[in-house]
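Structures incoming, each one as structure tokens.
One chain, chain A, appears in both complexes that follow, with chain B as partner in the first and chain C in the second.
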Partner chain A sequence: MQNGMQARKYRLQGAGLDLALPYLMLAPGLTVVLGVLVYPLWDGLRASTRAYRYGSPVADVGFHNYVQLWSDAQFLNSLWVTVKFVALSVSIEAVLGFALALFCLREFRGIRLLRTVLIIPMVITPVVVAILFRLIYASDAGMLTALSVAMGGGGVQILGNPLNAFIGLVVLDVWEWTPLMFLILLAGLQSLPHEPFEAARVDGAGSWRVFADLTFPMMRPVLAIAIVLRTIDAFGTFDQVFVLTRGGPGEATRLISIYGYDTAFKFQQTGYAAALFVTIGLVVLALAFSAIRLLRRIDAS
Partner chain B sequence: MSTRLARILTTIFVLAVVLLPIYWLVSTSLKSNREITQEGTLYPHVPTLDNYVRLFTEKQFGSYLTNSVVVTFFSVAIALVFGAMGAYAIARFRLPFAAERKIGLFLLTLRIIPPVVILIPVYLLMLSLGLLDSWLGLIATYTAFNITFCVWMMESFFREIPVDLEEAAMVDGDSRFGAFRRITLPLAAPGLAATAIFAVLVTFNEFLFALALTATPRAMTMPRGTATLIGRIDTDWASMAAAGVIGALPIVFFALLVQRHLVRGLTMGAVK
Partner chain C sequence: MMHSSRLTRRSVIKGALGLALATTALTTLGLPMPAKAAGKKVIIGAFADGGLTPFKEKIIPLAKEQGFDIQFLEDEYGVTLEKWFADAQSGAGQYDLYLLDDPWVPQFGAANVLEDLGAGGIDGSDKDWIGPMIDMGYWPPQKGPRVKGFENAKPTLICVPFVGDLQTLTYRNDVFTGGAPKTWDEVIAKGKEGVAAGKIKYPVVFRGVSGNPIVTSWYPVFLSFGGSFFDDKWNPIFNSAEGKASADFFVGTMKQNAPSGVVEFDSDQEGAAILGGDAGAIIQYSGNALKADDPAQTKVAGKLDFGVVPKQEKAIAQMGIFIAGVPKSAPNKANSIEFLKWYVSAETQAKLSEAGSIPVKRSAFGIAKPGNRLIPVALQQLDAGALPRPRTPDWAKVEELLGIELNKALQAGSGGGAALDTAAKQVKDYLTTAGYY
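Up next, the complex of A and B:
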């Protein structure tokens, strides 16, 4: 008996090969991540402090690339376009997603169909989403033009006009990602406790009061998570713009990721592009960490 | 009664907004270019499958599809095995200096950084290894991204499984790894499936790295091939639409088939 107890304890603490087990289990995954993600990350940091010519480093320039970014009108413009795009898209998605989630809170016929159909926009290949919208916006073959002609109007110009192209890009993003907001917020609404709402009903509170005093405050953490997730994701938007407008017309839809890609692969300014990408990475990380702190504060209060 | 009417109208409106662009894509893909640009019809008056046939006979869509399937399969399978092991180690063991927690946090941080940040150095790495325009280069890259995701997702699934079951197996003479393989892993199967499904979705749809790392039909994936085709044929709307349908069909079909498991991955775990 005594012996058995001893053996059991011995086993649970681990012995021999078991002692090395956690390391052996972590090793394969970490090796791949270190080789393909972490080494490049370090290599990118190194590249960002160098000047390149024809794809090879020619000089160490310290922080020169980083400093230069802030006097580069094209970089500043792409940053501004990105901020406008992210702010506009994410806020529209949050409002529409919230409204749709409130609408779907009560079970009714057709809700399952609605939920299934809403999955489609976010799983379609982003490149294909861009094709969808090119086919809608095209001035000759587009759906908008066809509808306008069918109703007796003329052709519609979207992608050739800077403002329309930017709005067109926001519409694409709203179409693609409002369903995600909807899913997260619906799950949040469904997990709220019932009691406060019943109490409010007993007290005869109107539906606007219930929303403003109960639903919205209780949903704030979920709403914050959803907005942060979308914001981080939207900052890296690339595929859709690459296929829809390639950043044009002019620089109207040239997001920072497109500018970085062109700097690296079209203009071959490897070091400068690396500095640009490191800057984006830092901005997104700062966003994420301040969002986490904000969420902790909301949780605590 | 009026709320019911509002409900029906809203449902129809939402369905229309989501489905109309898709209808237009499919409808355009069944028309000839002449019908598209000169007649501007709202539905195909003379439906044709020529556009689809051309994609496979003239535009190498067969290769793109093969490349996508091979690359997605291997990168997800490897990431799932390595990721599940890593996640188990992080969820169950207490290492010196809380190393397991630090590793977990580190992998999560890597996941938050937009992939575009390491595009250039990954390109340079694959260039120096001679892995540009190859299956292996893409598989290595996607495996790494998928591992950070799998570890993070599987860790939460493993934590939900009680330790007692493994301990019981070990008392009965199983090794620690044996208990993991025979007890924990089967119990985590639904989580494993959800993780795999989401990884498949993201990998199949990936474009940015495919754009930088591949250049010929030898290794180009579906999104990459589709985008290239579009770059070349600015006004061949019929081919573009057919390419869109072929590009989206496998993944949409797959997603609708497994939609129950999709939500957790899509929402980065914000929803359970």
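Up next, the complex of A and C:
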């Protein structure tokens, strides 16, 4: 009798341990996630509903910070600059990246070296890239000016002119991040099945026809993923602008990340900056969801 | 005898636990060490600026002789305000002393994150201080308008002047052969003659980058035209007729007589233009001026002289001193205050002057051999007139709003007055939101 009870007790203990074990195993990871992901997110959301003075919260203001954003000319300008920057940069990167991936798909002597060289810009620290471009663009002693003077021209104004500075920033981004597009798209191209292409060639299809009817349609999901990833990343561009232009001249290159940074850390408007970043986060999230839906539609078709 | 060493789950868990315990024990033992090992350790945070070179080269070794273990941590100007404010506010205790730019004092003062140095034994009423400089160390200010919430607060000495930097004129003595130009018109007219004679490429050079740089360059022009920034109620009045005339002159005449890329110029390009022999005159702080006699740093050594800033109505410069504050979270607070007492003593200030830096005590200006020709000129400028920027915790935002509009007008080469109108409206709106009125 006693033995039977003891056996039952052990069975129960064993069952309890079995039940608890998965949760115990999950606990450290869960604690880390709560600590470094959920809590800061919650704290940011809470800060976005408060007014701050001299770095400390002074009042709860509900959604006032969110409402105020839409009448803030500087925020709206930064948002517009960011949208233009993302749209232009990512489009050029997608086209160039695709072209380079198609070119590097062929096997010829030196192709491995070429593929390696092409991804070098992506692995350089963004701040270093920005410093390099500053040395190229500077109107007094920059490389472009030196080149222009050597050819009998004058100083080249890039960073002092709003349009040129914006284009200069786009060029920097394209130089640095086209390799990422190239890499993703090359991997996608290499994973495509060979049979449809061989069949098309047997049928006498030309290069353009093969591209338009086979390569591009089959690559659309990969292309969409690459564009979504780059778009999300480009919305957060900060280092390059911070080093290259600090958002100037005027507000020509003031991306939302720079405006948010200044608002939070330079002007100590913590609550307002939190509302700004939450709003941008939601915009990016909406973009990502739209892209995923688009992907599903492509898959379905 | 064979010994088998199988890796079992138990041995892995035991090893991991042992490692975790050892790490925890070491961390726990190691944490208080920096504070305990302090002695006379002082961690100074500073932004990189040539104005601090004499301090670094000559005064830090002297401080070491006094038993201070100085750690001097430099950062780029653009990131220090936010970095130090976060350090002070979070109580992280990474620094014992900040060498602030003086317009930042109100922000730190309003947040109540700096030590009361008067209570620490530093005498703010010492008559040897340069009056307008020690005034900048008090929060709320002893004179002038105060922001809401601090109207009746007792002024506390939270910072002490560290390097008495202020703007002066640096000019080419082979272009301005009759001495320092007295007026802006003279700067431009004689500068053009210098260009025609092939001695220089541009009459003037200044900083045009949006924000703090352009406002700093425009400010002495604005003051010399007789402008005032705020009235006693914090209403922006910088867009007065005098202010607009100064802005039009700055974005028009001055731009036409400056390098074509001046819109993107900051202190490095500005310094290169004057030290490289391209520019005829510049209003600047001591950072680049201290290099004027060093052939290793300038192509025109011996051709650069200093003078009081030119005037239209008055010859008033902007003061922009390095000012020291001790955060409440400083790990070596007592050492910092002891260091400051030693540093601001008349003897050390005399050594600072000998080293070539602009001192903060009047007696140090009068020593037999100041280490730089700029020092007596700085005193002349102080006596002629030098004003600090308005004492508001929101100066960074005000400067940003004004700087963007001035930079836009500079790009266009006209419309300075209109830019001030736009900026004044933006500043008024911002300060209204911030509860100033």
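Heads up, the rule we're going with is that the second predicted complex is superposed on the first by the 277 of 301 C-alpha atoms of A that agree within 3 Å, B and C clash if a C-alpha of one lies under 4 Å from a C-alpha of the other, contacts with A are read in each partner's own complex, and residues count from 1 in each chain.
Here, contacts are C-beta pairs under 8 Å (C-beta built on N, C-alpha and C of every residue); 3 or more make two chains touch, one makes a residue touch a chain.
Since this is a predicted model, take the numbers as computed values, not measurements.
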Partner, of chain C and chain B, that touches more residues belonging to chain A: B
Touching partner for A:P162 - first (chain B), second (chain C), both, neither: second
Partner chain(s) touched by A:P221 [first = chain B, second = chain C, both, neither]: neither
Chain B versus chain C as contact partner of A:A138, first or second or both or neither: both
A:F267 touches, of chain B and chain C: first, second, both or neither? second
Contacts of A:L37 with chain B and chain C, given as first, second, both or neither: first
Partner chain(s) touched by A:E251 [first = chain B, second = chain C, both, neither]: second
Touching partner for A:P57 - first (chain B), second (chain C), both, neither: neither
Doubly contacted chain A residues - partners chain C and chain B: 138, 140-141, 265
Chain C to chain A touching residues, read off their complex: 78, 81-82, 85-86, 89, 107, 110-112, 208-211, 259-265, 269, 272-273, 393-394, 396-397, 400, 404, 407-408, 411, 434-435
Chain B contact footprint on chain A (complex, rising order): 8, 11-12, 14, 17-18, 21-23, 25-26, 28-30, 32-33, 35-41, 43-44, 47, 100, 103, 108, 110-111, 113-114, 116-128, 131-136, 138, 140-141, 143, 145-147, 149-150, 175, 179-180, 183-184, 187-188, 222, 225-226, 229, 232, 235-236, 238-239, 242-243, 257, 260-261, 264-265, 270, 273-274, 277-278, 280-281, 284-285, 288
Chain C contact footprint on chain A (complex, rising order): 53-56, 138-141, 154-155, 157, 159-162, 246-251, 262, 265-268
Chain A-facing residues of chain B, complex: 7-8, 10-11, 14-15, 17-22, 24-25, 28, 36-37, 40-42, 78-79, 81-83, 85-86, 88-90, 92-93, 95, 100, 103, 107, 109-110, 112-125, 140-141, 143-145, 147-148, 151, 167, 170-171, 175-177, 201, 204-205, 207-208, 211-212, 222-223, 226-227, 230, 235, 237, 240-241, 243-244, 247-248, 251-252, 255-256, 259, 262-263, 266-268, 270-272
